[in-house]
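Below: one structure in structure tokens.
Labels run A, B, C, D, E and F following the written order; every chain starts at residue 1.
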Amino acid sequence: MRNDPDLIREIEQFLYREARLLDERRFDDWLALFTDDVRYWMASRSNRYPKSSKAIAILDPARYVEDDVTGADELAVMDETKETLAARIARLATGMAWAEDPPSRTRHFVANVEVEPGEADAELKVYSNFIVYRSRAESEEDFYVGARQDVLRREGGAWKIARRRLVLDQNVLSAKNVSIFF
Amino acid sequence: MRNDPDLIREIEQFLYREARLLDERRFDDWLALFTDDVRYWMASRSNRYPKSSKAIAILDPARYVEDDVTGADELAVMDETKETLAARIARLATGMAWAEDPPSRTRHFVANVEVEPGEADAELKVYSNFIVYRSRAESEEDFYVGARQDVLRREGGAWKIARRRLVLDQNVLSAKNVSIFF
Amino acid sequence: MRNDPDLIREIEQFLYREARLLDERRFDDWLALFTDDVRYWMASRSNRYPKSSKAIAILDPARYVEDDVTGADELAVMDETKETLAARIARLATGMAWAEDPPSRTRHFVANVEVEPGEADAELKVYSNFIVYRSRAESEEDFYVGARQDVLRREGGAWKIARRRLVLDQNVLSAKNVSIFF
Amino acid sequence: MNIDMNRLVDSERGLLDRRIFIEPEIYEEEQRRIFARCWLFLCHDSQIPRPGDFVTTYMGEDPVLVVRDTGGAVGAFLNVCRHRGNRLCRADSGNAASFTCAYHGWTYGNDGRLTGVPYLKEAYHNELQRERWGLVPVAQLDNYKGLWFATFDAEAPPLSDSLGEMAWYIDTFVDRREGGVEILATHKWAMPCNWKFPAENFGGDAYHVHWSHFSAVTTGFSVGSTATPASANRAVSPGLGHGLICIGGDGYGDPPMPEIQAYERDIRPEVQARLGPRAALVNPIVGTVFPNFSLLRGTSRTLRVWHPRGPDKTEIWSWVFADKAAPPEVKEAVRLAGVRGFSPAGTFEQDDMDNWQECTRTCRGVAARQMPVNTQMGLGRERFDPALGAWTSDYGFSESNHREFYRRWAELMGTADA
Amino acid sequence: MNIDMNRLVDSERGLLDRRIFIEPEIYEEEQRRIFARCWLFLCHDSQIPRPGDFVTTYMGEDPVLVVRDTGGAVGAFLNVCRHRGNRLCRADSGNAASFTCAYHGWTYGNDGRLTGVPYLKEAYHNELQRERWGLVPVAQLDNYKGLWFATFDAEAPPLSDSLGEMAWYIDTFVDRREGGVEILATHKWAMPCNWKFPAENFGGDAYHVHWSHFSAVTTGFSVGSTATPASANRAVSPGLGHGLICIGGDGYGDPPMPEIQAYERDIRPEVQARLGPRAALVNPIVGTVFPNFSLLRGTSRTLRVWHPRGPDKTEIWSWVFADKAAPPEVKEAVRLAGVRGFSPAGTFEQDDMDNWQECTRTCRGVAARQMPVNTQMGLGRERFDPALGAWTSDYGFSESNHREFYRRWAELMGTADA
Amino acid sequence: MNIDMNRLVDSERGLLDRRIFIEPEIYEEEQRRIFARCWLFLCHDSQIPRPGDFVTTYMGEDPVLVVRDTGGAVGAFLNVCRHRGNRLCRADSGNAASFTCAYHGWTYGNDGRLTGVPYLKEAYHNELQRERWGLVPVAQLDNYKGLWFATFDAEAPPLSDSLGEMAWYIDTFVDRREGGVEILATHKWAMPCNWKFPAENFGGDAYHVHWSHFSAVTTGFSVGSTATPASANRAVSPGLGHGLICIGGDGYGDPPMPEIQAYERDIRPEVQARLGPRAALVNPIVGTVFPNFSLLRGTSRTLRVWHPRGPDKTEIWSWVFADKAAPPEVKEAVRLAGVRGFSPAGTFEQDDMDNWQECTRTCRGVAARQMPVNTQMGLGRERFDPALGAWTSDYGFSESNHREFYRRWAELMGTADA
């Protein structure tokens, strides 16, 4: 699979096109790329000492959590269904979504795309890294950097995103808001 | 076309090599990649309320321009022919092009390459995103971020750049100057 | 070679996977990707007037060095063997490598991959550009940007990194330390 | 100081001098006269349930370590090593019997005592009195209904006096049911604004919802409130700078999820019984405990601190909370309501940022700086309501709480610290 | 202030104290004593030709909204909502009958009047006097030949007095032909330098061209000037801090494009007739209207403002302009000359940046700060030329205009604002 | 100044006021009272061996050009053009007969003389006295054993007096063998900390090695020292704020490479003979020449300057050096030891950064700022050792050098500059 150049290329092109739809603010077309049962999830990361750290002597090792992206959703900043994504897009169309009025200038960079077999037959597990540059107003700049794990599913002869897991590589987010999509 | 992996690869390699020529300051070799009739154009972006915005009540909707990259060249920061590109390169060779003396340290990142048929037979329309990092003097840093639309034309068995349209995703440019190429 | 799409793809996938091992802090697996005789070298860059510059009148042209990445290792910040890389990894495992405790959040972007024949038969010369984002503690951010030249060698049916030359595009490094790998 | 602190706020006329949002020297004074003297929120009990559990936070710009010791007692200390002043603990949270400084290895127990000094005998000849060089505790530490508060001022009145009648209003957020609440999610991010804008906003700015957040309301991210400004909405201030927005006791202002709506209707009798007769009169949905701790129940349920980071920079540390006694599906709904409504990506919260940023940035202009800020809505019409134990506005939209917030601010800024 | 403002500039000896380029307190005083008192350029008429057209800009660091109202009258206002001080309009330009604040929805007409206050009756009981809370207009607004200027100082002399004889020199840029000029392109970017370096440079630094810009001149980006320093070039100052570089009336200093060269030769008689006899004596190619508005005609044709953004930061807002009466191909040539010569990527302009940046940054050093800046070129040799109504240098290269610029700067800095 | 400089350091009790690490006004005073008066390190002779060779560096925040003129004499000048103050030379290093300013083309010889002023005759009428407008030389320049030092203070005592007995200790780094040392590598990077933390650390903080750097020691990046704290280690201060860490004359504290170890054993007799009897008593491995120049021989061999860049920012400029007389394989081993041990990626150095950063940042807190910094280790036990010509600690770990460093700091800060 990771040795099928044409499939990897196909997936890359799919993700590049998806990114361009976002940068062109074609949000409805973008939404159509997701399956109806998609879970779209993004979280930030915490600062935790590994168990091996000598900075602390752990009192209660049994309960100690080492992972800095808690699976328990504790740091999720987005946790969306297709419905809530649609509602977010509808909100942007009201003419009163002030965080995006005037709109952000975004540029999505999709990198390091890797493809693996998915759990289901018609599915793929796709890794990629992202840099999303957001420029706003006169001089505001944000770089959103992190990794994605997508599950792509073949539906009606086309690929759709059945799950998107985004990890944003920050603890205290430097951007004043996350009013864009990834 | 977007399903021809080998062509996309070929174009990617062409663009990567072009980027390396710039980072190695091999400007004459770089110039040779352009057709004689090339238009090389870069613009920044403005802050405009969309017509749907309730931040203003538009008095004269008929004349209202929504697009934030005016087609009218109003925000162009470069609008070059092969001759003026050549003159810019000649200028860098005078030993008195102070903005580049000592030279900038640049690194060009070409990403999200997409290929579509061009208007003419021997032409391709190529989309890509760019991050150009510029480091200068002791501690100066700039990130130039945006999108490119190239028209590539087959000439004498090789690809040449027949048109380059660059959009820089900023309003007030954060860099003190644009003394490099993209 | 630069026209063999499948080979380029194979190398890209190798480099993407390598990057992911680093971001997942699987340092032992990462180390296994290097040949035993690897030289892993990274340097910063200086500010030098080219000989053509009229900012100075060179007194002693014969001795004048123009190159801003001295071959003489004068600006190397890492110059490692497999043994010292292993020792660095061992150090990170002591629980007292304070610069990485709590660990940095890194994200490696590998871009503009080009492949050329190597000097030896079983070798390839691989160019790539990198952006490594490092997020630390609550709000610390660093962007490490530069270029890589790798020598990949076929060993036991797999590619290994036999030489890595990294150029960091800065003069005075903006990061307080380089406690990560590239 | 070149600036007369007593001339900056005109509560009678509802006018504010815009320098209070931008002048570095005023910001520095705020650190001394407000953040070093007021009771500040640290964390919720549920974040450190077991012995050794700790979180790190800030009081103003001072790094603070809150830790439950091996015996189960909670302590709060400057997160600063007493030796050369290195930050002691660099993790957000965790569990520890002791903390060791990365510089020279001084070790402190989870009770703050200095337990280990390498070479104490050989290098210090045992002359360093460890008992005198333990972590510096806050001057006063107290817990109200699971909320930990502390102050650096030993002279400050006790927490109960500093909260006053606000205590009951806090109950309506965190003590509605047996067991109180628990934290479900954490969000931290930076805003380019002065800390007072979000604090005043959560303390009483019902007025901005109809415009700033109309897009989220109309696209289903809130069912809105059953109350109307004309009817039951009120700005309520128990004094001391604290303020809340309340709807009527019979009103609802909850997140849109059906699970939550149903849950709220089910528990309403229990809650009103627990909170007492006043709960039949008012239903607080958002408020600010002076100076920088806010509680929200409408649309999303979050506790948050507005950490000052300079005149024009603030960090939001926000926590989604739910009744501990709520069923899992309700807790999950509450978590999602928080993530989707009030978080960096919250459909409500994202639209507040530019406003607070630009209210701050325009203060840079020398001409703009001379324009007073207007907080005159309902000026002079607030009345003290004995039943509520608080001043209440005459109408659902009012800036009576803003005036109280800045009156208190000026009171503290006008009196130098010891 | 700890600094004696009157000791910083020594016009007699042509020496400047370098602290004026780096000290924050001097910068703050400049905001009060210069930017809050002088007439500042806002925009050109052609940017807002029709009713409702608006642009946003700055006066110093104050955000300003310039808008043509429905009746066709132009107004300039602080771009700041009177309620809580939010920035009102966030667009660069556009067209509007009214502007609504994103925070609470106050609405202002394109004439600045406060037309809408949500819940004015219910929440404000109609006690908020809308007529008193409209947008704050500039103290004085005036137009000279299509150029809009404003000042925050009601006591400032009228624009005509503040321009004085500079008015005629401005004509030579923007009123050479019937219909004046129009804007073809806009460029905005940030420079890490003190605002006075570009202002003094455009006001009279002919001397740097031969070295800073030699590379652009020799590679065809300019045909250079037909004048030589020895002959017709002069630094000319009509006083009040204004200054220009002029070549002889018979000289040319135009962009390299043949279309432009031919056009200039064609219109020369018409232009000289329109400008009068003085145009036979001098041909201004670049100048600065004190404090921060510059006009350029040589090589490229741009108007630009140097917006101060701190002691060591400046924003350039630059506009390429052409005679409205010029044929399309000439306008296109002028646009390209601007883009290629004076823009962020301009082959001339890009080489100015490091110089201004480093002139500023070296002031940080305590030793370097004690070295005076030298503006002695042609010291004492400037003469008043009645025919030009201005002081003129004895030679094409001179720092006479620099001395006048800083003399005026010191004059204003030496007198406290009201 | 609102701060009494004399109350900040309590050497008797070994306590420091933390404001000295964070207050901007104290930082500004340091620039005037310390960096503008002390002898500061510029570069090593081997960096500019031949005529025309130059390097650029800083003295405090002042940019400085160090250049060997055509005749072979070394000069040091402010790297600032006398005309408008542009930075003259923008390269790190190189070779030049003359330097020409990018702005207007003034040219200076490699001896600092102003040799070229375009249009001197026509524009300046030869009235500009070139001899008065050459580059500004430092007030005093001197070389000690290949190390170039300079001061901006003409009244400062000569270098030899300012080094005093420290001179001999410097010999033990750079004059162990005939020919002295040479520079093999250069590293420059930025640290978010106050400059005094690294300076005090290299001047006597043996105590942190056992903890901060234990991971590097145990994984083979150092063979550690043959000395133990109990035995031969000592903090040694010749006074004037200078300090070193020494091990016994019979001890070794070298980089781990076998080539180096063998080399050191071989040359030990020669070195001790050259350095004299005192070398049998002490073997200095690291030290700081007040205020901001440090030398290191243990683990890695580097010279470094801690350039101040604001209260909470410092640039490290570090150079790996080796005995000129050492064989190539030893030099290569020394270079690698430097790269791997003390560089931005150094396995030792990388762990120092967070400590210095957080020692600085915690000073922002108003409560933390009131906690004194503790430098009491071995308080009152230092003794003057005539054989060493220096005060020595009673034990291998001590803060006696810290106390001397800050005593000297307070002494200079307490006396205003001329």
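The rule is short, and it goes like this: contacts are C-beta pairs under 8 Å (C-beta built on N, C-alpha and C of every residue); 3 or more make two chains touch, one makes a residue touch a chain.
Remember, it's a predicted structure, so these values are computed and weren't measured experimentally.
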item	value
Partner chains shared by chain D and chain E (touch criterion as defined above)	A, F
Lowest number of touching-chain links that must be crossed from chain C to chain E	2
Neighbouring chains common to chain A and chain E, by label	B, D
Pair joined by more contacting C-beta pairs (C-D or A-D)	A-D
Centre distance in Å when chain B and chain F are each reduced to the mean of their C-alpha atoms	46
For chain A paired with chain B, centre-to-centre distance based on mean C-alpha positions, whole Å	27
Geometric centre distance via CA averages, chain F-chain E, whole Å	47
Where chain A touches two or more other chains at once, by residue number	5, 9, 47-49, 54-55, 94-96, 98, 101-102, 109, 111, 131, 137-139, 143, 171-172, 174
Residue numbers of chain D (touch at least two other chains)	90-91, 102, 188, 190, 211-212, 351, 354-355
Those chain pairs that satisfy the touch definition	A-B, A-C, A-D, A-E, B-C, B-E, B-F, C-D, C-F, D-E, D-F, E-F
In the complex, chain D residues that touch chain F	31-32, 35-36, 58-63, 78-80, 82-87, 90, 102-105, 118-119, 122-125, 127-128, 133, 136, 152
In the complex, chain A residues that touch chain C	2-3, 5, 8-9, 45, 47-50, 52-55, 68, 109, 111-114, 127, 129, 131, 143, 145-147, 169-172, 174
Chain E-facing residues of chain D, complex	18, 21, 197, 207-208, 210-212, 229-230, 351, 354-355, 358-359, 361-368, 371, 373-379, 381, 395-398
Chain F-touching residues of chain C, taken from the complex the two chains share	42, 44, 46-49, 54-60, 63-64, 73-80, 84, 87-88, 90-91, 94-99, 137, 171-179
Complex interface listing, chain F residues touching chain B	90-91, 102, 188, 190
